[in-house]
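Read from first to last, the chains carry the letters A, B, C and D; within each, the first residue is number 1.
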Amino acid sequence: MSAISPIVIIVGTNRPNSMSRRVAEYYQKLLIQSNTSSTILDLVDLPHDFTVTALYGNSGKNEAFNSLKSHIDGAEKFIFIIPEYNGSYPGVLKAFIDGLPYPNSFTNKKAALVGLSSNMHGAIVALSHMNDIFSYLGMNTLALRVKLAQIQSHFVDNEITNPLYKELLEIQAEQIIRF
Amino acid sequence: MSAISPIVIIVGTNRPNSMSRRVAEYYQKLLIQSNTSSTILDLVDLPHDFTVTALYGNSGKNEAFNSLKSHIDGAEKFIFIIPEYNGSYPGVLKAFIDGLPYPNSFTNKKAALVGLSSNMHGAIVALSHMNDIFSYLGMNTLALRVKLAQIQSHFVDNEITNPLYKELLEIQAEQIIRF
Amino acid sequence: MSAISPIVIIVGTNRPNSMSRRVAEYYQKLLIQSNTSSTILDLVDLPHDFTVTALYGNSGKNEAFNSLKSHIDGAEKFIFIIPEYNGSYPGVLKAFIDGLPYPNSFTNKKAALVGLSSNMHGAIVALSHMNDIFSYLGMNTLALRVKLAQIQSHFVDNEITNPLYKELLEIQAEQIIRF
Amino acid sequence: MSAISPIVIIVGTNRPNSMSRRVAEYYQKLLIQSNTSSTILDLVDLPHDFTVTALYGNSGKNEAFNSLKSHIDGAEKFIFIIPEYNGSYPGVLKAFIDGLPYPNSFTNKKAALVGLSSNMHGAIVALSHMNDIFSYLGMNTLALRVKLAQIQSHFVDNEITNPLYKELLEIQAEQIIRF
């Protein structure tokens, strides 16, 4: 490859104006500080009917879905911002993955996981589940899973106000750049 | 309640004419043999745009989704037929759960889990993940998770041909009836 | 059986004078309030060399181990108090289980899980792992996993000082009695 | 460091003459073929009373345990051979980890996981649990978890007879060398 492809930061929910989106934008700023280019892929941009028009027999037939897919195909590294929904990852994030071709989309690529929740757990179980999926798909995942618990209290005016959270995200950003 | 509500058998994918659907119908026959009524809720009947029109700010606003939801509300016991997709449960199944009101939909109810896969693992990891979700939601889940590995070889002409699979499903059916 | 066997509360570590032991004693008081008898099985009482003298070829040969085992054999319901060690359950707790005969020790019995940790997570991942084990062993486990995070701040003078923790333990105690 | 430290292959059980030991020796041959030095750390060499004399207040005080520990301290990369015991990893393996100092023993190091079982699952759930632990400890773990199901049928005369198993182990060996 003649150039390093940008890191793709995936907003792991299709909720409009999600907290995950704002965390993704914060993460992008961290990467800029390390002179690393990135793009944000927000699942809010999924076609509304993708669970029918882009899966199973219709795999590959939805142009809007394919456009999102092309961002995955062109990238080597990913940051997944994953809010906790019902004790695991959002179903929509997994349905998006279920619509991507297996096994080439993520195999031999690299991922970093960030969880967020309003409760005390920071989506820790969701990140465990997602790591199992990435293991299945052959994508190496950083050991450091950053868990942003009680996110509303620690993310104000688009800034992380909790010093530990800030430090962990900075460490993880450096790790994924060098991974 | 003046009568026992039927057990709801959930086909855990929206794939048309799925193997999971056929296993659900087989399970229903087992329940009939034990004089237990059931209904099948097939996620193929989800509205195509439910991940947008039935979640988040639109929760409760999609009548077709609400119709499926009413089957959950009226039931006390569930059989989940869960195919393995990408090393976990189908995203669509979780997105369906994400569209249901928390915490009343499943709290203090009871579930039995059946996994199926074309590989050797019978969705064993998917069932572990799903059990975490049901724990979060407060639904007691039978210890006996039936794992139907290599389902194509063991389910022919709508019958389970593997005697062990047959026995495990019968044991589980009896357990969920008495649970 | 002519009488209901006491619930066994298992202290899931062999650490001397453990916090888990104190939580077990607190739990026993809750059960007494509900007129339910219980015994405490503290893993501190494991023979020091049990990982050699009570496992594999030596299974059943260690009398001190067998004495603990007999408490398991005679019980139908269990409370497991599980501290978080290195992001999962204590190895000693699992080694104890590995020394018990399979599959009769826990099959068709019932368990409730309590996690504790000094961090914010309350051993939530440890409880998920342990539920997988109990599913494998055929023991039904209550959906309600009580997670006592930052236990040092919420357990003072042998009393739970956090009202939510107190309420959750009381709810769980009632559930395991009726389970 | 002036030289690359050998990879440590950990036999994840203290069972004498274990199948895991034999798989470890097979793995060592694979590494030799790639001109990579390794040592085998077999948990059968744990002091019999290590769960008391090397944990908690006695951490660091057992010389025989410390000798095993020094192999961990000096290494950067590990292969874990993990048999399935009761639906998860062996308790003894976790108790060994519980006796190592946190967080320096594994932080920023690298691991590959191999599971084995007599059943069809190849310790897949055990490997998921162990990956959670290594994530907690800050050790990056290869996505490729090799699962050697029904090991007795596929490992004869100290050779892997299943071509797929052989290929997966070779791929993993190359990956951990380059990781």
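Heads up, the rule we're going with is that contacts are C-beta pairs under 8 Å (C-beta built on N, C-alpha and C of every residue); 3 or more make two chains touch, one makes a residue touch a chain.
All values derive from a computational prediction rather than experimental measurement.
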Exercise. Taking each chain's centre as the mean of its CA atoms, which one is farthest from the centre of chain A?
Worked result: C
For this session: Same or different, please, for the chain A to chain B contact, judged on whether over half of the interface numbers appear on both copies.
Result: same
Seminar exercise, completed: Chain centres from averaged Cα atoms put chain B and chain C apart, in whole Å, by 30
Seminar exercise, completed: Here the gap between chain C and chain D, centre to centre from mean Cα coordinates and rounded to Å, is 28
Exercise. Any idea how many Å lie between the Cα centroids of chain A and chain C?
Worked result: 37
Exercise. Among the residues of chain A, which are close enough to touch at least two other chains?
Worked result: 125, 128, 132, 135, 137
Exercise. Graph of touching chains, which shape: line, ring, star, complete, other?
Worked result: complete
For this session: Spell out the part of chain C that touches chain B in their complex, as residue ranges.
Result: 128, 131-132, 134-135, 137-145, 179
Problem set entry | chain C partner contacts - residues on chain D that touch it in the complex | 14-16, 46, 48-53, 55-57, 85-98, 102, 125, 129, 132-133, 135-137
Problem set entry | chain D residues touching chain B - in the complex, by the definition given at the top | 120-122, 124-125, 128, 149
